Structures are given as C-alpha cells and as structure tokens.
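Structure provided below as structure tokens; questions to follow.
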Amino acid sequence: MITVRFFAMLRNKTGCEFKEYRILKPITVAELKKMLKADFPALSGMLDSRSLLISVNLEFAGMDTMIKDGDEVGLLPPFSGG
Amino acid sequence: MITVRFFAMLRNKTGCEFKEYRILKPITVAELKKMLKADFPALSGMLDSRSLLISVNLEFAGMDTMIKDGDEVGLLPPFSGG
Amino acid sequence: MSDSLVRIQKEGFSVEETSALVKKASKGIGALVSFVGAARDFSKGKEISGLDFEHYPGMAEKKLKDIRMRALANFDIIEMAIIHRTGLIAIGEDIVLIVAASAHRNDAFMACEWAITELKRTTPIWKRETTKEGDVWVSETP
Amino acid sequence: MSDSLVRIQKEGFSVEETSALVKKASKGIGALVSFVGAARDFSKGKEISGLDFEHYPGMAEKKLKDIRMRALANFDIIEMAIIHRTGLIAIGEDIVLIVAASAHRNDAFMACEWAITELKRTTPIWKRETTKEGDVWVSETP
C-alpha cells in the first residue's frame, strides 16, 4: 500500500485528503501520475504542470524516483508560506 | 562665550568635560583648533588627525565653519556605538 | 534545544523569548537579526480579512530543520531559530519568525535573508486568503 | 509617536514592544526586520568583562532621528524604530535595536542594514571596554 496525500487546492479538486494504492512492485513517480490522472481527471492539468512538486517519504522526488510499498507520496502545489 | 565639549578618551586627555572661551568675533574651526592646542598640548596629535570630527551646534563642521558667540562645539573622537 | 529552535505551531511566538533561546548558544553573539512576516490587509490589490495556513506535517518541520542546518553550515552564524505558525491568522498577526545570531552583523543579515527566501522556496506550507469573493489558495491566483 | 520610536536610554529595551509600536503605523506591514547588537565576551582577541557607553546628549538623538527620516525617505519602508542604550552594559546584554517595517521583506532588510551601518558611522556614541588590563576606549586601540 502506498499513500498519496493531497494538499491545499488539490484537496479541493479531489474532494479527499489522501488516496491509497496497492502496488505489486515498485513504480515510478511517472507511473503513479498516470494512475492519478485516471482516478482524478480534475488533477490532469496540475499533474502535467511543472509547478506541481512531488515528495516521496518527505523528500522531493523526480519523475523516475521509485515508489515502493509503504511509501508516502505528497502532491505539493506551489508553496506560499512565509 | 563658546563651549567646547570633550568626549570619551579626549576627556581623559584634557582632564575636564568642557572648556569655555570668550570670543570677540566669530572664529573658524581652524582658529579654535589652534587655541585648543595651546591650552591642551595632549590633544595636539588628535587635533591634527583626520579621524577627529568637530561639531558646531550638534552638526558636523568643516575647518572653515564659523563659530559665533553662544555656539557649542564638540570634539568627537571616532565613534564606536552600535 | 535544537528542536525547540525550529517549530511549526498554532500559537503566536515571542521574538524576545526566541532571541533569548538563541543567545544561550554563546556569549560570543554580537548580532541578532530577526525577520517577522506579518499578515497584511492587502495582497496584490485584493483586500484580505484573514489567513489560514496549512502545512505538510512532518515534511514542513523537516525542511525547516534542513534550512537551519544549511544556514549553520554555509554562513558564519552561531545559531538560528525558525518558527512558522499554522491555522487561522488574523490581519496584523505574526506568521513567521527567523532569528539569526552571529559574532558580526553581516553574517546574521545574510543568513536571515537567505533563510526566509529558502523557506518560501522549499517548505510545504500553503496560505489561503479570506477575501470578499471567498477563500482563495494563494497559488490559484498567479 | 515618532519621538518614542527613536531613543537613547539607560534601561534595556523590548524587541516585542518596539515591534508592536512600529506595527501601529499601518496594517499594510508585511515584514519586520530587527537588528539587535549585543555585548560579546571577546573583541579583537581581548576578553571583555563589561561595556560602558557614552553619548553626546542632544547630538546623538538628533543623528538617530536623522537616520530614521532618511531611511523613510530613501527606502520603501513604512516605519523604523532605533533605540541605543547608554551607560554600563554587562556581557550578553543588548546594546542597540533597529526595527524596520515594510510591505515586502527586501525593503526592510535593506533599510535595517543601512541604518545600523549609518548609526555606527554618524552617531556620536563611544564604547569603553573593561578588560583585564583596565578600561579602554575602543578607538584608542585601532
């Protein structure tokens, strides 16, 4: 099981705080994005945008970062802290 | 009467906080410096140094700034506030 | 000690108390530079009546700790504290505090300015503004 | 109000209270940058056990007010406070406080850094350090 967490306006678009996926083998961030697009069409634009950052286990990740069972993925819209 | 005030290490050198002079007509800062050198030989080095600033009535003054009766002159060694 | 120097909290913070905590690090501290970010009543021409901050629990704290460690490694500073508030914040209230302490002032100024810029760039915190037209996540309106 | 924003005083100051006073100027303040200068235990290799500050009464206050007015004129800031202590100051205690407030942080950082540099350059205040070898006026030992 992996957990994908949605923050800020992404939560408004998905209507939920997180989504869990059961995976049989490690997948890449790119593969996860495809799964998310299928489940949340409202996220398509954001998922293709370079302004959306992805974290895996609390660290920034790239498109080819591997996600394995038990990992936590964050979908991070542009920050506005400070 | 004009009042010349000594600060910080200058007061240590002169042994007093201020010195008053009776002047008959306005004098320049340069002229006052000559009078001070005569009265306080220990100040000679400082009075010739560019690091000693002079104020007249609480504003920085130049060598040719005029000092008139009633004015207050400050002899200001290098600042070390802050 | 280093834990309490980096915090995300709902409550307000005290610049005084945080500076005192930072100063405990060394008697060689000669300069403390603090940055406080406060909630303004206007933002990009829109009138704001309040703010609501959300953060990614765990990751936001981790990123703030990273900023402190990198500041200590890359600048000639002695200590740094970073506090960011979360939840509802009224206009005029404080949002974020960074205190940098060094022997000489240049280092504290540079580290403090770098840290707030880095915080905005790398820390998963999001701001929602309450306006007359409703609540808007800041990055929805570029 | 502008009078209480620029002071020379024997007593300690509160960054908190001074920031609150500065913030009263406008709800458009989004950034406050504070500089606090503190008494270090070492200066240029010499161990220091205490400081004693002297100022030129009247002129020092005038120069600090000038710095505030010039900062307001030359930087995009909303308000500035400057407090310098005088008399005996123990190691670890605060000496000087500058608070600059602006809508955006760059302006407050620039104005605060400029103001402390300008204070050191133009304000008739002198520091005497107490060392093992006795009391020394700082500019006697270049």
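Letters A, B, C and D mark the chains in the order given here, with residues in each chain numbered from 1 onward.
Just so it is clear, a contact is a pair of C-beta atoms (placed from the backbone, for glycine too) under 8 Å apart; a residue touches a chain by one contact, two chains touch by 3 or more.
This is a predicted model, so every value here is computed, not measured.
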{"item": "Third chains touching both chain D and chain B", "value": "none"}
{"item": "Contact distance in steps, from chain A to chain D", "value": "2"}
{"item": "Whole-Å gap separating chain B and chain C, where each centre is the average of the chain's CA atoms", "value": "49"}
{"item": "Approximate Å spacing (C-alpha centroids) for the pair chain A, chain B", "value": "73"}
{"item": "Length of the line joining the C-alpha centres of chain C and chain D, rounded to whole Å", "value": "23"}
{"item": "Separation of chain A from chain C, taking each centre as the mean of its C-alpha atoms, in whole Å", "value": "26"}
{"item": "Of all residues in chain D, the ones touching two or more other chains", "value": "37, 116"}
{"item": "Multi-partner residues of chain B (at least 2 other chains)", "value": "none"}
{"item": "Touch relationships between chains, expressed as pairs", "value": "A-C, B-D, C-D"}
{"item": "In the complex with chain D, residue positions of chain C that touch it", "value": "14-16, 19, 23, 27-42, 91-92, 103, 105, 108-109, 112-113, 116"}
{"item": "Contacting residues of chain B [partner chain D, same complex]", "value": "5, 7-9, 12, 51, 55, 58, 74, 76-82"}
{"item": "In the complex with chain B, residue positions of chain D that touch it", "value": "37, 53-56, 58-60, 62, 84, 95-96, 116, 119-128, 137-140"}
